[in-house]
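Common to both upcoming complexes is subunit A, partnered first by subunit B, then by subunit C.
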Partner chain A sequence: MGRALSIDSLMPYFGVVLLIIAGSFLFPQVLSADYLTQQLQIAAFLGLLATGATVVILLGHIDLSVPWVLTGAAILSTALVGSGNPVLSALAVPAALAFGALIGVINGIGVAILRIPSMVWTLAVNSMLLGLAVLNTGGFNPRGESSALMITMASGDLLGLPVSFLIWIAVSAALAYFLTRTPFGRYLRAIGFNEKATFLSGVSTPSVVFAAFAIAGMCSALGGVLLAGYANQAYQSMGDPFLLPTIAAVVIGGTSILGGRGGLFGTIGGALFITLLTSILSVMQIDDAWRNIIFGVIILAMLLFQTLRKGAAP
Partner chain B sequence: MLDYLRSNRREVIAGVVLIALLASYLGTHPRGASTYVLTIWANQCLILGLAACAQFFAVVVRGIDLSVGAVMALTNCVASYVLDGSGIGMAFGMLAVVGAGALCGLLNGLIIVYGRIQPIVVTLATASVFVGAALLLRPTPGGAVNYDLADAITLDVLGIPTALIITGVAVLGFWLPFRRTGLGLGLYALGSSEQAAFQSGINTRLVRLAAFTLAGLFGGLAGLFYSFVTTTGDAGIASGFTLNSIAAVVLGGVLLRGGVGSLIGALAGAFILKTIASLMFFSGIPSLAQPLFEGMILATAIAIGGADMLRARNKLEVFS
Partner chain C sequence: MADSPSPLLEMQDISMHFGATKALDGVDFTCNAGEVHAVLGENGAGKSTLMKLIAGVLQPTYGQLRVEGRDVFLGSPKAALDHGLVCMFQELSLVPDLTVRENLLLGAPGAGLGWLRGQGLDKARAVLTRIGGTDIRLGARVEDLTLPQRQQVEIAKAIMKKPRLLILDEATSALSASVVESVFDLVREERDSGTAVLFISHRFHEIEALADRVSVFRNGQRVATFMKGDHDYGAIINMMVGQKIEELFPEKQPGAHQSDIVLDVRNFSWEDQVKDVSLTVRRGQIVGLGGLDGQGQGTFLMGLVGLLRKTQGTTAIAGEPSEITSPKSAKHRDIGLAYIPEDRKTEGLILDQSIQENLELAALGRADLDAGDPTLYAGSLEQLALKHGGLELPVSSLSGGNQQKVVLAKWLALGPRCLLLADPTRGIDVKTKTQIYTILRQLADQGTAILLLSTDYEELIQLCDETHIFFEGRIAASLSGDDLTPQNIIAATLNVSAIPQAAHA
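Moving on to the complex of A and B:
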C-alpha cells in the first residue's frame, strides 16, 4: 500500500478539504451533514466508473465505451424490472453486470487479439452500443422502471451513510486488494510499464487485458444500474456527461495516463473532488460558461502542481 | 510508380475505398451525380476533413488532441460575430477566426511542452475551457455569417464544389511542400522516436509546440468552414467532432503511436466516414437501424486494419 499512498494520491483529498473550507465561507450549508452525505451519494456514480477506468488506465489503455455501457445496463435493468415478471425483475442487476462483462470481453478482443488501439476500438464499440440502444428503443426514452433493490442501492441509507457510497467503497476495496496483493495486480501494472517484457516473463498478457476490461465493463454497468435507480428510469445519453469527468478523476488521483503507476485510493479522492467541485460551482449559480472554464482551469492547475512538485524533487 | 504505391500503401487503400464508396453513393442517390449532390457531400466531408487534419498534427507527434471539437465550437462562435460586415472587415474576421484557433493550439502546446503533462489530459482540460469561452460568446445559438461570402465558399466554381477545391489546395498547396520542410520532417522524426530526434539536433520542444499550434490552426479552419455551412454560431457542437476526428485519422491510416501517416490519409479517412453516413441515408436501411450499421462498419473497417496481427509469424511482432 506504500505506493498507493503517495503524495499524488493524497492531493485530491487536500483539494476536497480546501473546497469544503472555501465553500463554507460562501455557503454555510456546505458544512451540514445533509449536504456532505448527499455529495458522497452522488460521488458514488462517478466513483464507480472511475474505479473501472483506473484498472484499464493502469494497464496503459483507455475505455471510451463507458457512456453506452452505462446507458445499456440502465436500459436493460429497467426493462427487465418493467416487464413485471418477478423472476426477470430479480435478475435485473446480475443481468446488467453480465452485460457489462460481455462488453468488456468484446473490448478485450479488439485490444488484446486484434491489437487495435483501445482508444479507437472502445470508441467503435461505444457507437455500436449506441446503435443497438436506438434500434431497441426506437429513439424514444426507454420504458421500464427501477426495482426496490436498485432504488435502495442508489438512494438508501445504512448507518447514516448512503448505500451507494458503501457499495463504491466496497468495490474499490475489493479491487484494491486484487491490485496490490495478487499476481493479477502485479501483471496489470507490469503490462502498463512494458507489455513486451511482461509477455517475455511468461505472463499470459491477453488474459490480463481481458480481465481488466471485463472489470471496467462491470463497474460501468454497476454505475448505470445505480443511476437508473437514482432517476427511477433509464434515458438516452445518460452516460455521455460522465466520460470525461471519469478520466479527469483518475488522473487527478495521481494515476499516470501512460499506465503502470497509480492506484484506487487516489481515484476515490479524485471522484470526490470532481463531484464536490461541480456541486459547489452549481450551488454558486455561476452560469454554464464560467463553470466550464473554472472546471478546466482547476484540473490543469492540479496537474501542473503534480509535475512541478516532481520537477523540484526528482 | 509501383514503389510509390507500396510506400504509400495506407493512403492508396484509403483512396480506393473512398472512390468505391463515392461511386456507390452517387449510384444510389435519387438525383444521381450532379454538382448539387456533390457540393452537399463535399461540404459535409470537408468539415470533418479539416477536423481530422487538426487531429493528424497532434497524432503524428505521438499526441492526441481531445480539444479539436472545442476549438471548432469556439472559432464557430467567434465567426458568428466577425463575418458579417464590410469586405475588408470580413477578411480580417476570417484571419481572426483562424488566429483564435491557432492561439488555442499554442496554449495546448505550451502546457504540454513546459508543463510536461500528457497531451490527452491537457486537451481534455483545455477543451472544457474552450467550450466555456464559446458559451460566453454565444450562450444560445445565434449570430449570422454573410450569405454572399458563405455561398461563395460552400457552393461551386464552374461545376466543381468549392470544398473540393479547398481540399486540393490544402493537399497540393500546403501539405506536399510542407512535408519537405525541416518542420515537416521534424514532425515525423519526433513521432517516430523522440530520443533519436533530440539526439539528431532537432529542437523537439519547438516541433511539438508547432505541431499543436498547427492542430489548433486547422481546428480553427474547420470551425470557420463549419460557420460558412451553417451560417450561425453554436457552442454545443464540440462533442461529436473530437471523437469522429480520431476515428477518421485511424481510418486514413495514421497510427496513433505517432510518426506514420499523412494529411492526405487523414482527409481520406474523414471523407470515408462521412460518405458511409451519407450512403446509409439513401440505402433503404430502416432509419432506426442506421446508427448500428454505422458503428458496425466503423468497427469492421478498424478491425480489418488490425487483422494483420493474426498473420504475425513471430509473437513478438505484435508488441511493436
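Moving on to the complex of A and C:
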C-alpha cells in the first residue's frame, strides 16, 4: 500500500534509528542483541494496545477505557488460572478476549446508538470497570497466577525473537489486511472522514462502530493477558500508565486524531519509538521530573514536525 | 417619497462572485430613509447576497457602497452596525443556550469587552410586549422558546439596536397573522421616524400591505424598481421569471405517463413537516418537487430513503410494499432507490478521499456487485464527461460540477430503479447543468423513475413531466402538460390560488 508508507508513518522509524544511534554513544550496550530484543518484547505490550486504539481513532473516536479493560482482562485470566481447575485455566485467554470484546460492544452502543461522545462514554466505562474490579477484590491485589501459555506469550522466545513481539506483529498484519482489503476497512476510514456521507451511501455505520470498538477491546484485553503473563500476576491499576503512551504511539505513527487518515504500519513505529525513548531516558538515570519533561518535549516536537510539514505541502 | 440628494444607502455597480458563479452582477441599488423597500426574486436571484453585503457578512468583489453619500467599507457585521445597518436574517441568529436577555445584549451598543449595560433592555421589553410577546420572559432560555417566539425576540433585538436601515429577511415567516400585523405597525412607526426598511418576503399580501417601493431581482441583476401599485401580480411574476432557456433542456418523451408505476407513495406524513403526501413516479418519468425552501419537500425525500423515524404512510416499489428504514435498505437490490443528497460536500462525498474511493462507497455494500470493477463507473463517467487528472486524486480537487458528477456516477453504478435527487444542480455552471439534464433524461428513457427536487423553476418546467409544488408540508398543486407554466408554479409556491392572468380582469 502506497498510502501505508507515507512519510508520516515512516517518521517514528527514523526516530527509532536516531534514538539507537544517539543512545549507543552514551551506552554502547544499547546496540546489543539482548537489549534490542528486550525492547521488542516490551514494545509489544504498548503496541497491542496502540493497534486497537488505531482502529478506533481511524473511526474518528477514542477509547479511554484501555487501562481498565487491560486490568480487568488480567484479573479475569489470572483468577481463572488461579482457580486450579484445568478447564477454567484453559479458558483464561479466550475468556479475557471475550471480556474485551464485550466491553468494546458496550462502548460501541454508547457511541453509535446513544450518540454520546466517545471521550466521555469510554471514560465512564473505564471508571465503572475500576469500581467493579475494586468491588471484586476488596481493593487488595487480586489473587491468581498466570498459566504457562500466558507466560510463554509474554516472555517466550521463538527463532530468537520474543513471542510477544511476534504476536503483536501477527495481530497488526491481520488487522492491516482487514483494514485495506475489506469493505470494513474502507467504511472505517470513510466514517472517520465523514460519518454522514458514509451513512447516506447506504452503510450501516453502527455495525462498523461496534466492530471497531470490539476489536479495540480485544486488543486491550490481549495486552492485559500478556502483561499478566509478564508479571505472573494481575494488580490494581496495572493499565493506568499505558493510556497516554498508547494514544501518543498512534498519533506519532501518523494517524490523524480526527479520524480517517493513517494506518497500523505507523503505529508499530510509534510504539517502538515510545518504548525505546522511555527505556533510554530511564537508563540515563536522570531525575523523574526531567524525564517526563523530555518525554513530552520530544513527542510535541514530532507532532509539530508533522503539522509543519503538512502546512508546507498541503 | 421624494429622493433626497444622497440616499441613506447607495450601492453602485456591485458584483459578487463565488468562484465562477456570479451571485450579483453589476447591481445599482438605493434605499432611502423613511421608506419600506421590498425586494423580490426567485431563490438564487441574489437577494440574500445583497442583504449580506449590506450587513457586512460578505464583501463585494467589485463595486462601492455609500451611506449618506460617503464611501464606506463594511468589513464585518460590526462595521455595518456602526453605520446603523441592522439585519434580521431568515436563518435565526440567536444562541440557543443563552437566555433571551443575554441574547439581546449580544452585540448591543456598548457591550463589547467590558461591562454589560442593560439600558437597551427596556426598549426590547417594550417591543416584545407590543408585538404580542408578553409571555416571553427575559430569563427564559432561547432553546425553550417556540419558533415564532424566537422570531419575536429577533425582531426586538434588531429594533433595540436603533437601526437607520433595518433589513427584514423573511422576518415574519413563522408568525401568525395577528402578530404579523403588530410587527407591521411597528415597522411603519420606525419608517415614519426616518428609518429605512428593506423587506424581503415571498408573501405577496405582505408586500402589498407594507412596501412603498418594490425592486425585482433575477439571476443576480436588478430587473426593475417601481412604486407599489405600478404593476400587478402577473407582471411582477413575469419579471421574476424572465426569459426562457429551453435550449438547455433535452426534449421530453411523450407517453411516460402510461408506463408502470415504480414508486408509489401514499399518505406520507412526518411530524408536522410533511402532511399527507401521495404521489407516484412511473418508469421513464421525471417528476419534480418544488416550492419555497423548507416547505417539506426536502424532508419528504429524506423520509423516502429511511432517514426519518416514525413516518406515516406507505411506500410501494414496483407494486411491492416496502419498509425502507435506512439508506442501506433503500439501496438493496430489491428496492433500488438511490438518493443524491442536497449538500454534495458534506453529505454526498467524502472530500478527503479519492475519486475512486468515493465512487465505490455505495456499491461496496451490495453483495451482487463488485465495487472494484471499473466498468461499473466507466459508462456514466464517460456520459457525464467527468474532467479529472486521475481517479486516485482527492475528490476535493474537482470543481463543484465535477464533484456532483462523481456523486451521480457513484449511485448510477448500482443501476437504481428510482433516483431521488435533492437540488442536484445548485451552484453548478450552466454547461454541467446541461450535461446533468441530458443524463437524467437518458436514464428516464432507459426506464429509470426519477424524482427531482429543485429550486430552479426552469428545471421543474423544462425537465419534469409532472411537478408537485409543496406549501407548508402539503402538495399545494400538481402541474403537468400545459399547466406547467412559471406563473402557475410561482402562484402555487406562494399558495395564491388565483392564476395571474386573472389579475388583469
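As a convention for this text, the second predicted complex is superposed on the first by the 314 of 314 C-alpha atoms of A that agree within 3 Å, B and C clash if a C-alpha of one lies under 4 Å from a C-alpha of the other, contacts with A are read in each partner's own complex, and residues count from 1 in each chain.
One rule holds for everything that comes next: a contact is a pair of C-beta atoms (placed from the backbone, for glycine too) under 8 Å apart; a residue touches a chain by one contact, two chains touch by 3 or more.
In this text the structure is predicted, and so the values were computed from the model without any measurement.
In the superposed model, A:F295 makes contact with subunit B only, not with subunit C.
Between subunit B and subunit C, the partner in contact with more residues of subunit A is B. Touch criterion met: A:R261 reaches subunit C, while subunit B stays clear of it. Once chain A of one complex is fitted onto chain A of the other, the partner contacts of A:I57 are absent, as it touches neither subunit B nor subunit C.
Judged by the touch definition given at the top, the superposed model places A:F199 against both subunit B and subunit C. In the superposed model, A:I167 lies in contact with neither subunit B nor subunit C.
Contacts of A:R189 after superposition: subunit C is touched, whereas subunit B is not reached. According to the touch criterion, the shared surface of subunit A, contacted by subunit B in one complex and subunit C in the other, consists of residues 196, 199-200.
Touching subunit B in their complex are the following residues of subunit A: 62, 64, 110, 113-117, 119-121, 123-132, 134-135, 138-139, 195-196, 199-200, 240, 244, 247-248, 251, 257-258, 287-297, 299-300, 303-304, 307, 311. Those residues of subunit A that touch subunit C in the shared complex are 183, 186-187, 189-190, 193-194, 196-204, 260-261. Within the complex formed with subunit A, the residues of subunit C that make contact are 307, 326-328, 330-331, 339, 341, 346-353, 357, 360-362, 364-365, 371, 410.
On subunit B, the positions that touch subunit A within their shared complex are 64, 66, 111, 115-118, 120-122, 124-129, 131-136, 139, 239, 243, 246-247, 250, 256-257, 288-296, 298-299, 302-303, 305-307, 309-310, 315-316, 318-319.
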